[in-house]
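Paired with subunit B in one complex and with subunit C in the other, subunit A is shared by the two complexes that follow.
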Partner chain A sequence: MKRTQILWMGTALAMLGLPALAGGRGTDGELRITFPQATSTLNPYLSSGTKDVYAASMVLEPLAGFDENGAVYPRLVSEIPSKENGGISADNMSITWKLIPGVKWSDGTPLTAADVVFTGAYCNETDSGCAQAFKFDGIEKIEAVDDLTVKITFAAPKANPFNAFVGSQTPILQKAQFENCMGAAAAACTEQNFAPIGTGPFRVTGFSVNDLVQYEANPEYRDAAKPEFATAMIKGGGDSIASARGVMETGEFDYAWNAQINPELQAQMVAAGKGQFIMGFGTNIERLELNLTDPSPDLAEGERSTAKYPNPRLSDVRVRRALSMALDRTALNDIGYGAGGSPNCNIVPAPAFYASDNTGCLTQDIEGAKALLDEAGWKDTDGDGVRDKDGMPLKLLYQTTVNPVRQDFQALIKGWWAEIGVETELKSIDPGVFFGGDPASPDTAEKFYADVEMHANNFDGTDPEAYLAALTTDKAPRPETNWIGTNYNRYANPDYDAISAKLAQTFDMNERAAIAKQMNDMLTKDGMVILPLILRGNLSAMSNTLAGVKVNAWDSEMWNVAQWSRVK
Partner chain B sequence: MLTYALRRLLLAIPTLLLISLFIFLMVDLAPGSPMSEIPRSIPPETRARMIAALGADQPVFVRYLLWLKQFFVVEPAYLIDGWFGTSLGGDQQRILSWQSRAPVFDVIGDRLGRTMTVVGAGYVIAAAIALPIGIYSAYRQYSWFDQLGTFVAMIGYSVPTFFTGVLLIVIFAVNLGWFPSYYDASLKVKDFASLSRQVWQMALPVTVIALFHAAEISRYTRSSMLDTLGQDYVRTARAKGALEQTVVIKHALRNAMIPVITVLALGMPSIFGGSIIVEQVFKINGIGGALIGAIVASDLPMVQTLTFIFAALIVFFNLVADLLYGMMDPRIRYD
Partner chain C sequence: MTDTNAGAFSDRAHSPWAGVWRKFRHHVGAMVGAAVLILLILAVLVGPWLWQIDPAFIEPKAADMMRTRNLAPSLAHPMGTDQLGRDTLARMLAGGKVSLAVGLVAMAIAILVGTAVGVLAGFVRWLDGPLMRLTDFFLALPLLPLLLVMVMLFRDALAGALGIELGTFLLIVGAIGLTSWMQAARVVRGEVLALKEREFVLAARSIGTPPLRIILTHILPNVLSPVMVAATLGFASAIITESALSFLGLGFPPDFPTWGRLLYEGVEYMQMEPNRVLFPGLAISLTVLGINYIGDGLRDALDPRQRLR
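After this line comes the complex of A and B, so read on.
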């Protein structure tokens, strides 16, 4: 055979092989995903659990989503509304979305503005207990201008109109399917809730509650070449270690969400060579909250931990600052999170646009902390190693949830505080109780019957307005509010309240960022009310055979699952 | 015997009602909230509305009475509807899980088969290997076989299943890669290939369950067998020249089986109840997995219904054990 002949044959073979290389719908077999918590329902309006929202996001789509940088990008609409294109009205009172023509539901019927209007009404129905109701706050009405145009009108000018129908928590439901599931009937619609019809890359073929979701490629998906996987499944159960092992060691799965395991195990599993860990950093900050009121058990129930009695130890900002200076946040991160976290000093750590440049807390300063406590009048007069003032020892109760990493943190922090002469009593509470918010329980985060509590919190989407407004004086949990409220610290600062109100009225983006940074600094480096520790990433595990994954901390991790494919 | 059984069944009714009340109060008084699993960024007003939609804000006795009605009236009605195509249930509210909003009995029905396949197989295999081991160990007491059997039984009984389970996964799934570490519930047995895959994925969990139960059953069999082998009638049988086989199987074994069968019957509820730990370790997501998941998520209707069913099964199999005892041992008469 001549050399040219061989060359030609090679070219012909390569050309034959080309279509397969370029992929196409359903060419890549099965996509296997595992979650440590199993999916309970596929209707994100009935459950805001991340496991449920993510599983639903394979099927249901919002009008727009957040990309890996936190920017809003169009999904079912032709462009993102703005002042320039007229989509957002000049007075910030309304936003108009234009649907892409020709988008079909997986049953072949067209997506119209009526479906969007219906979804809004479905969530607003008072007795359905819509889990995403807060995303619709401040909306006066949602109307269909024509078949492909939806106009949302707000009750008052809205600085951030990208709330409802943006991100995987508020996707569009099909009106025809959910019409009879409004209000009280919502829960009884098991069939609909377990197999919603969507516009996304997959459609549900089987669902076993709290166990397994099965999908197949949506034949009506608008990109004819996607998804490349013919079928997909999400198996739930076990724990984070088992999930990570399923991808990294046994190779039974392609992707594991929430494979949060300690740095030592991470290294061990990476060594198996089957996959890699990927991190998405959003706004989830592990922090110490300081109680500005007196949690003493000697006080009467109903007066304990209320604004009536200021905290005799922590009311002095110098004491709070000393507590922060004594911490070595880098050491904490190395022990607890490794590559899955990074030390941080802000409660608004991201997006970069809103994040303050505050890094002052990153270096530990034990001597400085001691000097500051001396200055504040806390001295060890009786020589027992614990500072005191007016006969009162500098003793704190420090609580958090039962969690191995948190208990390690507690022990380390207790040691550092002991070095500066602060005695710490540790307490750990079942997470179901701590986060349960039961007003009858003394151990909830809201009641805060302790001086210090540690937990993680983040904000939804990319706009911190509501998150920062959670610390205004009126949001303090107290008996009058039945211990409901988000200002756990009982922070009461009229300046902060005023600036928070101002943020809601500010529409210029640069000005908003300046205000958000100022509020962040008031709570952290200036006020020392919240001591941020670690910016926690979402640690997921991904098989080396999977391509196209872009980790995203602002939206569902399956946000671009249509682009995922098998490495060939 | 029949009147005795009837009397016991009637007596079981107040017992079960009392148990259901106790369970309900215990589950209800336990701290925790169905809202503790949702993201922290959900504001308190939305949480309050979700709790109200679940009915979780109702007073405890209202919820208890509602549960009683749903369990004893509505659910049987739906069951009959399912069998005969009637519509007794109408549009009455069934017991709904707080987690998934799906009827609790649908979830149980979905998972019961899986649990019974895996745990049941483990139990049957345990009995099948434990009985011969126990018998032979007793027959050749203090032989090397007996010593080995005792050793293995002690390990099986004292090493917890969460340890053996993870150990087997690390050795056979991770290092050797012979067996899967996840149980695939979507696998339908249609042909030989799928059957062998089913056996394959059941191998590890069944081994763990069988080892644990076999240890228990073989010890019972051995000690019961030892008791009977020392009886006068066994010596008599030997003295009159009966074959050794006849002596052991007919004279000793039959009598030795009476307490063993009681133990086996009392262990039956665990087949339905699942093995919470083994199901969790191997991600089988059967009944035991449903219970632990519901406890973690404070899904009270699910926890309440499952624990009550377990209680009812225990009461029922206690009765079965008593009746079996009466049938097999002529010395025991209930009338």
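After this line comes the complex of A and C, so read on.
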């Protein structure tokens, strides 16, 4: 009964369109949001934590954002710069943004180009430890042409200029407020960092660190009818299950970000009828990385897992292909993620423009895998169920982080590999250590003292250039680089390096897409260096009483919070 | 109070341990506890021969696996199956072997070290200061970083020398044992300090009994009760610490079942499959209770004052 009513209302809303039912600013009471991790600062330049960036995005705005399809849309500017409108220079050396006239900060003062220039300088102050510095890579200078025009000049032609001030990681700070917080003083400015003045739909009224953020509607917000909620709060802490339950079963909250729970529990919570799970699919791919070098503990420290010794088992692409063929990715997804994921064969799964049409890995082929291993010369000569070659058994060490879903994946994959005669030893590592990158620890993803490791990775924004360039030969972690590097697999292919360099020099979008697809295929279906498993979505829970939510995997999930309202 | 010695002396005239056994046998709780513990030990030792399903077996065909997931208890799977269709009974039996062994050995190490340090500190005056500072030092050590370092330094070496399972077992047992003896040491020291001023100890000393004999015959039986309490608590916490270590990825390989791990894995599914936490939880509780009651009975049986009654 109640459910059909809500459904009906939902349909009505969709038909009429939101503005028709909108009740004006502050008419909808309180918006209650819960995060499984609590917010620790509201200045996204001092924390790369998603929880902090999202909480700040209620208040602070960038010049432009990414919409739910990953396209750049204007927020504080009148239009998105392009070559056609002259906003991007013909030589790709600069981009010019034009601010909307009349936008005011929540304290009533006007937003000007000086604020944008200041924000760039704020992040550039080297000793402030700017968490978003990578977004400003390659920028030579940011200057105010006039009060409403900002020009960003790059050091070299830039194929993708939509980095700085695009997306909720790099919002505009108010110069007047943060002027005295440059450099070393940045972290000490608690008053500013805990209640930044913004141009967004809400302003901060209270903040208890690592617990609760309280907001109220910004009286100066440029759309006089928005936001419809008078106040808002973000409560942090607990775990994913508890926050999902708060929305789906008890109804304490309207929205829960990052409610990552297993499919059985999802189904049970949905049955309670108070809310629904919403998924945003970005580029986050759970994958198996194969080590092309020898991780044997018998090798000397400093030579182990380095290019000096190729992996005696995994150097043969047929073995790597057989390992991939033995996997049933659909079963993995059904066990681990359900609606929160989908099986995938690409490391660049989205945006569609850049994604290769590679689906060959989705069918499990145990017999084919066995035949391939036979062909590669790995046969079970001693009858122990494990294949061997030249007296060496086909035995792999497979590591990942401690995480219930990942341990399930390990057990399942070990079983399938046992089927094709590959013995697997499992290892799970504390995520803090695995992703910690401490060169002294033997258990980091970079050291890769194992044959196979499983983790998830994605790229920021919608352009995969930097992400694909991470696999070039020179980026292999090794003693000379103090074990820093992104090419965990120690993939060394001059063709790949060349094509990666070519991508950086290509400005035609269609050509870029073709190159990105080719690079993706070299790593996956042709090279089998990375075995993608699952495209993971961001699972959030939303109350049935909330309207206007559009889940967005490319930007803050609160990107359009001004449009959120209560179903009446 | 003062009449305790006479009783103890007359009992010892035949065999002291026969009296202890007689007393112990009449302690209902202790006998039940012992029966439960023996049953559990027998189950994990003999069980795998009778119940021959491989605890790590997962149906290789995805469709079959989906069918066997999260099954309720039935004849084919008396304790049901887990989220991957593995048989819970087989996992309980395999896990019990590890958990009981870890608990018993770690507890034994902790109690041996703790009692030795406690008795020495209480009985030998000049050792008191240094040993108690050592105890304070260990108490102040943050356990987890210490374990991290131990695992990092020794895991590969031990696993290389003894195989991954035995190597990890020794490392975990050693790590837990060597980091949980402090409470026992403090309690024992306190008891010993009080005991050594008591009349029967003074009397033993006055007739020229050597210190070692005083410790063995007069002091140790009297500190047994706090030691037993510490032991039972230590056993339970050893099982839990092992699961915490596995959780941090420092313990056994992740596909290696232990009771603590089964319990931990089950929590997520608790609402839908309560038996996922019920069985391992019950097994841990029964073991701890069993040992507790045995300790209780032993304390009563060894207490000269109670034996007199």
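Everything below uses one rule, namely that the second predicted complex is superposed on the first by the 547 of 568 C-alpha atoms of A that agree within 3 Å, B and C clash if a C-alpha of one lies under 4 Å from a C-alpha of the other, contacts with A are read in each partner's own complex, and residues count from 1 in each chain.
Following the convention adopted for this analysis, contacts are C-beta pairs under 8 Å (C-beta built on N, C-alpha and C of every residue); 3 or more make two chains touch, one makes a residue touch a chain.
Bear in mind the structure is a predicted one, so any value in this text is a computation, not a measurement.
Of the two partner chains, subunit B and subunit C are each touched by A:Asp430. When the shared chain is aligned, subunit C comes close enough to touch A:Gln268, but subunit B does not. Judged by the touch definition given at the top, the superposed model places A:Ala131 against subunit B, while subunit C stays out of reach. After overlaying the two complexes on the shared chain, residue contacts for A:Ser441 are found with subunit B and with subunit C alike.
By the touch criterion stated above, A:Tyr309 is placed in contact with neither subunit B nor subunit C. In the superposition on chain A, contact of A:Phe281 is made with neither subunit B nor subunit C. By the touch criterion stated above, A:Thr486 is placed in contact with subunit B alone, subunit C being left untouched.
Of the two partner chains, subunit B is the only one touched by A:Tyr467; subunit C is not.
For subunit A, the partner that touches more of its residues is B, with subunit B and subunit C as the two candidates.
Of the two partner chains placed around the shared chain by superposition, neither subunit B nor subunit C is touched by A:Phe507.
Across the superposed pair, subunit B and subunit C both touch subunit A at residues 430, 433, 441, 443. Interface of subunit B with subunit A (complex): residues 31-33, 35-54, 93, 96-97, 99-103, 106-107, 110-111, 169, 173-174, 177, 180-182, 184-186, 280-281, 283, 285, 289-290, 293, 296-298. Remark: subunit A residues 34, 37-38, 40-41, 46-50, 126-134, 186-188, 190, 193-194, 206, 208-212, 214, 233, 235-238, 242, 245-246, 249-250, 252-253, 430-438, 441, 443, 455-460, 466-467, 484-486 touch subunit B in the complex.
Here subunit A touches subunit C in the complex through residues 241, 262, 264-265, 268, 297, 328, 330-331, 334-335, 364, 366, 401-402, 404, 407-408, 410-412, 414-416, 419, 425-430, 433, 441-443, going by the rule given at the top.
Residues of subunit C touching subunit A in their complex: 56-58, 60, 62, 65-66, 69-70, 83-84, 86, 152, 156, 160, 164, 247-250, 253-255, 265, 268-269, 271-272.
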